[in-house]
Amino acid sequence: MGDIILTMKGIDKSFPGVHALDHVDLEVRKGEVLALMGENGAGKSTLMKVLTGIYKKDSGTITYEGKEIEFKNTREAQDAGIVIVHQELNMLGHLTVAQNLFIGREFKKGIRIDDRKMNEEAKKLFDRLNVDIDPTETMSHLTVGKQQMCEIAKAVSFDAKVIIFDEPSAALTESEIEEMFKIIRDLKKKDIAMVYISHRMDEIKVITDRVTVMRDGAYVGTLITEECTKEDIINMMVGRVIYEEPKTESAVPKDAPVVLKVEHLNAGRMVQDVSFELRKGEILGFSGLMGAGRTETARALFGADPKESGDIYVNGKKVTINNPQDAVNCGIGYLSEDRKRYGIVVQKTVAENTTMASMQDFMNGIFIDKKKETEIADKYVEALATKTPGVDQLVVNLSGGNQQKVVIAKWLTRNSDILIFDEPTRGIDVGAKNEIYKLMNKLVEEGKSIIMISSEMTEILRMSDRIVVMCEGKKTGELDISEAKQETIMNLATREIE
Amino acid sequence: MKVEKIKQNAFVKKVGFNRIVLIFVLILMYLAFGALTGGSFFGVSRITNTLNYVYFLGFLSLGVTFVIATGGIDFSIGPVMYCCALVSGYSLITYGVPMTASLIMSVLIGVVFGVFNGYLVAYWKVPPFIVSMASMNIAKGIAAVFTKTQSVSWPQSSTADGWYRNFVSMNGIPVGLIIFLAVSVICAVVLNKTKWGRYILCLGSNEEAVRLSGVNVKKWKMLAYIICGTLVGIASIFFVAAYTTVQPGYGDQYNNEAIAGCVMGGTSMVGGLASISGTVIGVIIISLLQQGILALGFTKEYQYIITGLIVIAAVYADVSARRRKN
Amino acid sequence: MKKKVLAVLLSAAMVLSLAACGSNGGGGDDAASDSGTESSEGGNKGYSFQMIVKSFQSTYWQAAIQGVEQAKAELGVEVEANGPANESDIADQVQMLDDAIEKKPDGIALAACDTKSVVDSLSKALEAGIPVVCFDTGVDEAPEGSVLATVATDNVAAGAVAAENMFPVIEEKVKAATTDAKVRIGEVNQDATALNIQQRGQGFIDKMLELCTGAGKKVAVVGNEFYVNATEGKVDEKEAEVIIEVGVPAQTTVDLASTEAQKIMSKDDTIAIFGSNQTTAEGVITANQTLNKLSTDPEKGIIGAGFDAGTPQKEAITNGQFIGSVTQSPLMMGYEAIVTLTKVADGESVSDIPMDGYWYTKDTMEDDNIAPNLYD
Amino acid sequence: MANKKAFGGLKGREIMVLGIIAIMAILFSILSPTFRTYPTLVSVLDNSYYITLMALGVTFPLITGGVDLSIGTGLVSYALIGGYLIVHQNVPVAVGILACIGIGLLIGLFNGALVALMDLPPFLATLCTCMITRGLGPALCGGFGVSWPSAIAEAGAFRKIFKFTTATGTVIPVGIISMIVLVIIMSFVLDHTRVGRYTIAIGSNKEATRLAGVNIKFYHVLAYVISGFFAGLAGVAYAATYATIYPGSGAGFELDAIGGAIVGGVSATGGVGTIFGSFLGVIVICLMKVGLPFIGLQANWQQIFTGIVLIAAVLIDVVKKKE
């Protein structure tokens, strides 16, 4: 293992109301892949942003190549050889791939930008990385995976000594991840240090050398990957063992009435001929890799996106769903994976969000019945144990888990019998996760039916009664929980790729 | 949770605080102008005079508040107001349409423009700024074509049809003020207490989330523009009641003043946050400024410059306050 | 923090520049009050008057203010002048008038942008006992007793003057016209909002129609429907031998006025064109920069005439593009308005002072009664 | 060539706008014999100079996803100040012209500061500057209109840049040559220099551009400075064409320029647009302005048609995107 190239010591950073980093230490060596792990909000991304000059640290020292440094912006960090591959894609959709790669450091001929040379250089770079992308293609025309590859290629092109991968695999297919790993191994040989932030335990095991774990903005410890188990890491991350056994048998009777039947649903490339049934009182898990078309299926079903064809039956009756209004009227509620964008109105209060979908029940003539609204909001705050100072609190001030509960309250208020949970626990801390699980179980006990889209295998295995697996826009399998195993699901989810 | 609680209180305080600052500014301006003009600014007749001339601006501001609340913009309001007054006035004078019908027609034309703007913005997703530009041109064009590029003078107070001028003031009673305040209260109620207002504000804040809640966002968005159009139609009545004459080809200058009043009052340009009482105070500040600068003997140019600078200051305050909060 | 400082600096810079321009003579008002105090040693009557002009847009008003200055110096009165930014800002002017009344001056001189919208305010002035003298434009419907005198050009007559002077030059052509070979006389009129410009335009049309009819020709009026409908004694376009075409730009800008002029001038049968105020006359001149058709010789091109003055128009006359123009006496009007007001304040009785429109040509531009009115 | 593909969609747009221009020209020519004359062509061009200049400039803020509403009242203000200096303060014409452009530049800088440094919404910020510039010119120049030196006068020589009259009286619209040169220069700036590249990048994804280490504040301000600079140039062009500047006018000029840019394919949401497209769009607007009166429609129809064309132009994009 190589020499230490980068040391961060006692890094402290506070935002108004949050102590984001509490004296964190980090050490990166040449030619290694260091996994940086921790639950959401543990401070991994913040730490990396401090390193690359996006945030300014409050205290602590950063030593790079033996010198103490502090970057004022990403540009300085880049010039010094520290490059970050962002979690959110930083693409400029209207520019070409080559233009994106060299943004901020274009080749020039006089004052003219030399686009030809940029294309050539980009081509060389892609050849070197063994990636097949046309440098003159417009960025927004590429698939998400290809865009991610461009990001990595860009990082490599900086002659970086340290590359930080911030959840790089989140949007990639299995084969794309393999490709990326090939690149990473390649880079390792060139003595480049890499920090790899990810939630995917399997990847950590495969690609990294050491694991540094953070929790609640603090440094917990560092392990050698080969010498530790998954449970070791998880224990450090959560401070307690939460690994729960999967559900083995469904409690839902086999002859429970079908509340929702979808037949031959088609909506673009991502939803091709999808059919399934949902029974009363069950949780139907939707598993698959990112980009398998699960969210798209849910959105098409819900009328959020236009669909091309397909029949939907609710309680045995054929219904027409052209827009979310139709879906809501059929008793379907949709809890989006991206709550802030699609679930809640953050600038409004808990009460206002709770009654959003069922305004008509809270009218007193033409006026909103604020009293009734407050009552129902209070009721659900209590029932769902939402942590909020009051129902007139703005939702923006709540934590992710509690925001999720507000969205649930919205659909319960609307009396929706069919709930689609899209990644219900994404961005939610472990404690709140368990609460959401309990809540879901309680809901099905009460006779609601749930479609749960999840990328977390444990979540799928723990919660679902039946599991639908999708891959590249097609349904590739349907399993009862009793016969579902991680390997089977994975196999179905990646069938066509291999 | 403790942190959140403090935030909450601060926020509540801030809302109140803004309003207090505005009123404070208002009083201060009034006193300053009073002092600078040697007291002539305090006369009752001065106040009523001033008021008579700004009701229409108030209605425009109220209208545009709804549109800005959805995160949109409408700067066709001035020319549309002129169009309402010109087309109905021309019908009144030239075609002998009865006064009552003309007044109703004014409002209806406003509504039609509201529907037009709203439909394009909500159903066709044309950027509001483009729609404004287009309907501004169309309103000016229609008005000029209809009136053959002649100005239209509504009847004088002394004539039989002159009763419509009582809308601004009747025998010294500020009828206009009463109507304006009443409409403001209605607007405030609509915005804060009804489903309409709730949806308009919510969709201004996060349209997609509201849509996925099964709400027909297009309808409510269009409604905001229709409310705006209606108020613009009403504004046109108060305009002619104060000034009688309207001429085609103009009206742009009132856009700025109306939007300025609205923004001064704390309605956020990014949508979702609007306050009718703020708009009312804001529009009074703008008109006071107008009158004050006039009373100080400055020409109109200075009013443009000063209003521009003040609105920049107000928006900057809003932007930096929001940035602090995030 | 840095941003805040920046913001403050920026606004401070703007305000400073404002203050600076305020001090070096922004607006006629400053200049007016300054010289008012200087001349206090003269025949000081100590009156203070308010003056509302239509705008400061055209140099026409600059000349009027000059006249006011002259009167101030002679009479030792104070005059505070104001006016809207644009002659179309009726609403602003009404507010300014009210504001002037609030200041309780010894008298108000008013050039109304719109004659109807000021009626209410004039009643207020009457109640407050403030005498009003109208200049440039009379207010027909003014309440009895509010307007004591009007110092204004008879615009119908002034428009007619243009027609009278233009006609002899084109007479031959008009006489030669037939239904098959029509001749066209153009007029470009500002968006006829103010009564005086309406009257002027109509005065020209009526006179021209009368003269052509007198020459035994049938005349049609086409173009802007307002004027078409308002003109009597015209015939249908098909039967006519002479066509008077009226163009009205959508807004008072030179570019739109020039498009209208262009439209008329590019027709082959056009023999003459008249721009009825400074803006439209300049529109005609601008159009000619491209067309190069204007001439003082009817055989060689289109006969042009204008109204008021201003550098481009004066040059057009000197260069032989226009045969001449009609000027009013803005300077004298400004002067007389103040003199009349002073008389009113002194308790003397006053009456209307009609001002003439003078026809001026290249040769008469230097004449004593013309030259002072030919502002730049 | 990278751009061929990147702007492939726009090429189509430009062809379409060219088609519209051709159709309009043919239609007007059929309906009005006087339209198809050389002077009319010159007139369309005359009318287009100041709008073209404004459009070239405003394309940059538009592409960043902003807008500059201050250019219309701005150009009148700058021309007024420049003219005032020449006529009343007796400064040399060249200095007056420089002042005109210089003030435009400063106001552009002011806009840029408001939008890029102080983060004000571009629409509102420039609406305020629109008000400020509306007052600025008249306030600085005593409120009166001013006539720039005439074309014949020696001091009016600069006007020959836009229109050259030969000894025989033939008018040559040399301005169009300057316009084409400027279109080529600005196209180059937009497509092949950092300024243009970063302008598009800011309009495409501001945050990503920032993270790429680009000094986005500088380039964002620069977009508005370019707009202000061209508004200043447009002031000179306006003065050259129309000589007399009336204070209080100018409101609405910006709509012709912005409308032209939008018709020419600049996206109202930023990131997309070409200089050539903007130029063509302006020609469409000017053809309407000049052409409609020729076919017997009163001037006011032009406004209605402009409105309709604008909406149609955007609807085409909307419908395309839906597909």
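Lettered A, B, C and D in written order, each chain numbered from 1.
Throughout what follows, a contact is a pair of C-beta atoms (placed from the backbone, for glycine too) under 8 Å apart; a residue touches a chain by one contact, two chains touch by 3 or more.
Model, not experiment: these values are computed from the prediction.
J.: Which chain's mean C-alpha position is the greatest distance from chain B's?
T.: Farthest chain from chain B, going by C-alpha centroids: A.
J.: Averaging only over C-alpha atoms, locate the centres of chain C and chain D and give their separation in whole Å.
T.: The answer is 31 Å.
J.: Provide the C-alpha centroid distance between chain B and chain D, rounded to the nearest whole angstrom.
T.: Between these chains, centre-to-centre, one finds 30 Å.
J.: How many angstrom lie between the centres of chain A and chain C, each centre taken as the mean Cα position?
T.: It comes to 71 Å between the two C-alpha centres.
J.: Residue numbers in chain D touching 2 or more other chains?
T.: Counting only residues that touch two or more other chains, chain D contributes 114, 118-119, 132, 134-135, 138-139, 143, 247, 252, 298-300, 302-303.
J.: Could you tell me which residues belong to chain B and also touch two or more other chains?
T.: Counting only residues that touch two or more other chains, chain B contributes 140-141, 144, 148-149, 248-249, 253, 299-302, 304-305, 309, 312, 316.
J.: Can you give me every chain pair that touches, using the contact definition above?
T.: Pairs satisfying the touch definition: A-B, A-D, B-C, B-D, C-D.
J.: Which residues of chain A touch chain B in the complex?
T.: So the residues of chain A touching chain B come out as 17-18, 302, 304, 323-325, 327-329, 334, 336, 341-348, 352, 356-357, 359-360, 363, 366-368, 370, 387-390, 393-394, 397-398, 410, 414.
J.: Report the residues of chain B in contact with chain D in the complex, numbered from low to high.
T.: Chain B reaches chain D through residues 73, 75, 120, 124-127, 129-131, 133-138, 140-145, 148-149, 248-249, 252-253, 255-256, 259-260, 263, 269-270, 299-305, 307-309, 311-312, 315-316, 319, 323.
J.: Contact residues on chain D for chain C in the complex?
T.: 34, 37, 39-40, 42-43, 46-47, 87, 110, 113-114, 117-119, 132, 134-135, 138-140, 142-147, 150-153, 163, 165, 169, 171, 238, 241-244, 246-249, 252, 289-290, 293-294, 298-300, 302-303
J.: Where on chain B is chain C touching in the complex?
T.: 40, 43, 45-46, 49, 53, 140-141, 144, 148-151, 153, 156-157, 165, 239, 242-250, 253, 290-291, 294-295, 297-302, 304-306, 309, 312-313, 316, 320
J.: Within the complex, which stretch of chain D touches chain B?
T.: Spelled out, the residues of chain D in touch with chain B are 67, 114, 118-121, 123-125, 127-132, 134-139, 143, 247, 251-252, 255, 258-259, 262, 268-269, 298-308, 310-311, 314-315, 318.
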